[in-house]
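Shared between the two complexes below is chain A, which has chain B as its partner in the first and chain C in the second.
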Partner chain A sequence: MARIVLDNLVKRYGDDEAVRGVTLAIENGEFTVLVGPSGCGKTTTLRMIAGLEEVTSGNIRFDNESVENLPPKARDVAMVFQSYALYPHMSARKNMAFSLRMKGVSRAEQERLVQSAAELLNITALLDRKPRELSGGQRQRVAMGRAIVRNPRAFLFDEPLSNLDAALRAQMRIEIKKIHQKLQATIVYVTHDQVEAMTLADKIVVMRDGRFEQVGDPVEVYQHPTNKFVAGFIGSPRMNFIPARLVAENGALSAELRDGTVLPVPRGRWPAYRPYADQAVEIGLRPDHLTDRQETNAPSCHFLDATIDVIEPTGATSLITFSIDGIEFAAIADSGVPRRPGDRIRLRADMSHMHLIDLASEKVIAPDCSTA
Partner chain B sequence: MRLSQSSTGLLLIAPAVALLLCLTLYPVMHGIWLSFHAKHSFFPGQTFIGLANYGFLLGDPDFWSSLWRGVIYSVSTIILQIVLGVAAALVLNEMFPARNLVRGIVLFPYMIPTVVAVILWKWLLNNQFGLVNYGLVAFGITDENISWMGRSYIMVSLILISVWQFFPFVVLAVLARLQTIPHELYEAAKVDGAGAVRRFLHVTLPQLMSVLFVVILLRSIWMFTKFDTVWLITQGGGAEKYIRTLPVYAYLRTFHFYEAGTGAAIAVVMFAILVASTTVYFYLFRRDERL
Partner chain C sequence: MSGRAASPGMRTLAVIASVALLLAFTAFPFFWMAATAFKAPSEIFVYPPYFFPRDFTFENIARLFDQTRFLTYFRNSVFVSSMTVLVTLAIATPGAYSLTRFRFPGREKIAAVILFTYMFAPIMIIIPFYVLIRFFGIANTHLALILCYTAFCLPFSLWMLRTFFQSIPLDLEEAALTDGADRPRAILYVLLPMALPGIIATGIFTFILAWNDYIFVRILITSDELKTLSVGIADLYNSSVIDWGMIMAGGMLIIVPVVVVFAYIQRFLVSGWGAGGVKG
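Take a look at the complex of A and B:
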């Protein structure tokens, strides 16, 4: 397995710059997920690592060896495609053995490696079937098997779960994670699904418009997004962004919403937020921290009364949508309490989890200390 | 009166079935019936002679030489059409400037009427003032003009003209298939370590098999029964005997010797050969077509 370094990588199609000078180190055995909306350049970056896309400028290194000018076969990487890209005329066994055959591995060794990968993926019984005789999930496994048999320097996954239904996707996520834990392989994984990114990654790379917006471990990116885009993209349901004005009164800071509601800013954040006093800002607050649940009763909580527009039950909790002064909010409410649209609800805004966003730069202002 | 669903269905397909019976089954059956008779091509009346026409063909050296020439003509033109057609389709599937224009130009020969194509080639191949001979001599490939329509080269000329005229059909069919092969298969093969040749052998060719199966079948039938191109080339030269294939021989027997029965027997033999070879072809090569 290899350590992969992307150094100021650029990809241009004519005047269109798809990837704009990205730099990243992917450690040996690390599971790195590139996540972002459609067209953000994540697949292009992956394809450049694979050698399927020429690099306009910049450098790709595998263990300090520059590979950006090498053809895909010389890079020794395995790729799992969104469409699986299984050879339709070959059985699962032949699909998995194809790369070994290209390398001139002996038949006995091919068979041994295919069997071993098939056992890992529970597809031994499917080896003689053609791709069209397999379900989506089974094809996915064969595609992964084709990658695993090679023992490559890195695995590249291009949205491999997007063609599966929700239940199968969740199951395959676990399988992929297990395989990674077992093989300790360097994996670069592309997805637009932030849940997939959060659950799988050791390192998450959030991309937008060909740039890396934030790189870090999933919990860090979730808890401490560096800008509004990352804050909104990572986390489901999406973070609420509340236009407000930061008001300083007697040394204390609070956020005044457009309708006059005042949400006190936790004391620990005053030093960091003070430069924004008397300025228009945005407050970021995840729906998990805007809730009617009793356990959220910290001193930093502030009550907020709202009229329910929409209720989406998700099981133990429901997603509540309401609006204040024309701005839509999402909150999490206990499903145990019977409610209907139009009902009033008293929510607790846990301001210890607030994020302050500078309107001009859209940057999240670091609170300096972790507690409120 | 209300008809049942099945009666309505039968009634609706009846015109098509009637048409098929009149235009296909009747001529075939009539041809077979005719082959058992001695019959002048234009005068009424015939005499039943059993298998005598077939017996005659068995001992007729012209029949055997025509059959042999027909096989040479069909097999060589099909092989060359497939090789040239697949190669051209592969090139035309790549991106290059003016690709659509070139695609259109490649299809020209197939759209030109046969009579025009043959006259054109006869001029090009003329042994005194033909452009081909001029070029061959000018580039030093030959010392003297080749008699393309003479005994030694007329079959070569016929094959070249036929390949030129009909390979666009292969291009069309193969190009259509090539465009539907998912690009990811090639990328997967690249990542799996396959070079260009292996990608062709392991990705392109298997994907083309289903279309090549049909193309080879159709072209075989069409080339084995090809009459117009061969007939037009035989006109006006002295070497027509050397490209006489079975369809031409059947025509000669019927309309030059006025032996409609013998002509019909030749046609029936051709029909039987095609049925037999098609059956063997299906048996040997028919793969699962759901690739």
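Take a look at the complex of A and C:
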């Protein structure tokens, strides 16, 4: 397996810049997920790594060897496509053996490797079927088998689960993770689904408009997003962005919402946030930290009264949508309490998890490390 | 019929009746040709006519082989048509591939202009063709016919194959490339097997066009031993006594190869392979 380095990688189509000088090191055996909305350049980046797209400028290195000018064949990477891209005229077995055949591996060895990959993926019984005789999930497995069988330097996944239904997607996520743990393979995985990104990645790369917005481990990116885009993109349900004014009174900071509600800012954050005193800002607060649940009763919690617009039960909890001063918010409420749209609800805003966003730069202002 | 109230049985009956009527209309000339080919000369002009030969005979066919150069014409037709298919496919397949898979300026315009050239009727371009053929000194050769047919079939073949290649997802070729194949092998192992129905359909189209052509042979070929079936058979009309039995026998034998080829190859045209490789 290889360590992959992208160095100031640029891809232009005419005047359009799809990838704008991205730099990244993917360690040997690391599971890296590129995540972002459609058109952000994540698939283009992946295709440049695979050699399916020419690099306009910049460098791609596999273990210090420059590969950006090599054809896909010479890069020895395996790719799993969103469409599965199984060869329709070949059986699953022949699909999986295709790369070995291209390499000139003996028939006996081809059969052995295909069998062993098929066992890993539980598709031994399907090997003689043509792709059209397989279900979506089975095709996905064969496509993965085709990648695994050849022991490549890296695996590239291009939104491999987006054509599967929700249940199958969750199952395949687990399987992909298991395979990664077993093979310790270098994986670059592209998805627009932030849940997939969070659950699979060792390293998550959030992309927008051809740039990397943030790179880090999933928990770090979730807890400490560096800007409003990442804060909004990572995490489901989406973070609430609350327009407010940071008010300094007797040395204490608090956020005053448009409707006059005042939410005190935790003391530990005052030094970092003080430059924004008396300025319009945005407060970022995830729905998980805006809740009626009893366990959230820390001293940093403050009450917010609201009228429910929409309730979406999700099981143990429900997603509550309400609006204050024309802006919609999402909160998590206990499903055990019977509620209806129009009911009043008292929510606790856990301000120890708040994010302060500079309106001009849309950057999240980092709180001091010592604070919550 | 009572429209909405028609039972499924009635509807099936109506469909069958319509199909039978249509079939009778299109197949009757062929039937008449075959029936006449097996009639004795004395039966051909009998009034009222017989639908089926009363005195079934192979005499017309025998005379066709004895008294005309039918076999020579037949050989010429097979040779010219087959070579046209080979040359057309050899040019159209890579041409259509490049029109679908490579990005270059004016690609779509080129494709549109190619189709535009097909809109000229053969009669409009036969004179320029003849001038060119004379210029190259290949008038009255099969090569001239093959080149003319190829030139005439290429635009449509390119267009047809291009549509076929477009329907084959790029992902499949890219999968082959990342699977360690170079482009020629990706084409050979992945693209061509999938495009086979399209290539065969294009081949049939070209074959039939070359097989049925009359005007190019009439203009470009003067030697009797180089003529193809269409002109060879038509020349039977020129004799002082028109031998309808022999002409019908010739007509029947002309369509036999086309029917056989088509019957054998039509299964490829039902593109069953395409489904299932990629989602969507």
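Keep this in mind: the second predicted complex is superposed on the first by the 370 of 372 C-alpha atoms of A that agree within 3 Å, B and C clash if a C-alpha of one lies under 4 Å from a C-alpha of the other, contacts with A are read in each partner's own complex, and residues count from 1 in each chain.
Note that in this section a residue touches a chain if its C-beta (ideal position, glycine included) is under 8 Å from a C-beta of that chain, and two chains touch if they have at least 3 such contacts.
Just so it is clear, the model here is predicted, and its values are computed rather than measured.
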Exercise for the section: Judging by the criteria at the top, classify the pair chain B and chain C on chain A as clash or fit. Expected result: clash
Exercise for the section: Specify the partner with more touching residues on chain A, choosing between chain B and chain C. Expected result: C
Problem - Contacts of A:139 with chain B and chain C, given as first, second, both or neither - result: second
Exercise for the section: Name the contact category of A:160: first (chain B only), second (chain C only), both, or neither. Expected result: neither
Exercise for the section: Answer with first, second, both or neither: which of chain B and chain C does A:41 touch in the superposed model? Expected result: neither
Exercise for the section: May I ask you to decide whether A:78 touches chain B, chain C, both, or neither, giving the answer as first, second, both or neither? Expected result: both
Practice task
Scan A:103 for contacts with chain B and chain C and give back first, second, both or neither.
Solution key: both
Handout entry: Overlap of chain C and chain B interfaces on chain A (superposed complexes)
Key = 50-52, 71-73, 77-79, 81-83, 85-89, 98-99, 102-103, 132, 146, 150
Practice task
Would you tell me which residues of chain C are touching chain A in their complex?
Solution key: 169, 171-172, 174-182, 185, 189-190, 193-194, 273-280
Exercise for the section: Could you pull out which chain B residues touch chain A in their complex? Expected result: 182, 184-185, 187-195, 198, 202-203, 206-207, 209, 290-291
Problem - chain A to chain C touching residues, read off their complex - result: 50-52, 71-73, 76-79, 81-89, 98-99, 102-103, 130-134, 136, 139, 146, 150, 156, 163
Fill in the blank from the handout: So, in the complex, the side of chain A touching chain B is made of residues 50-52, 71-73, 77-79, 81-83, 85-90, 98-99, 102-103, 132, 146, 150
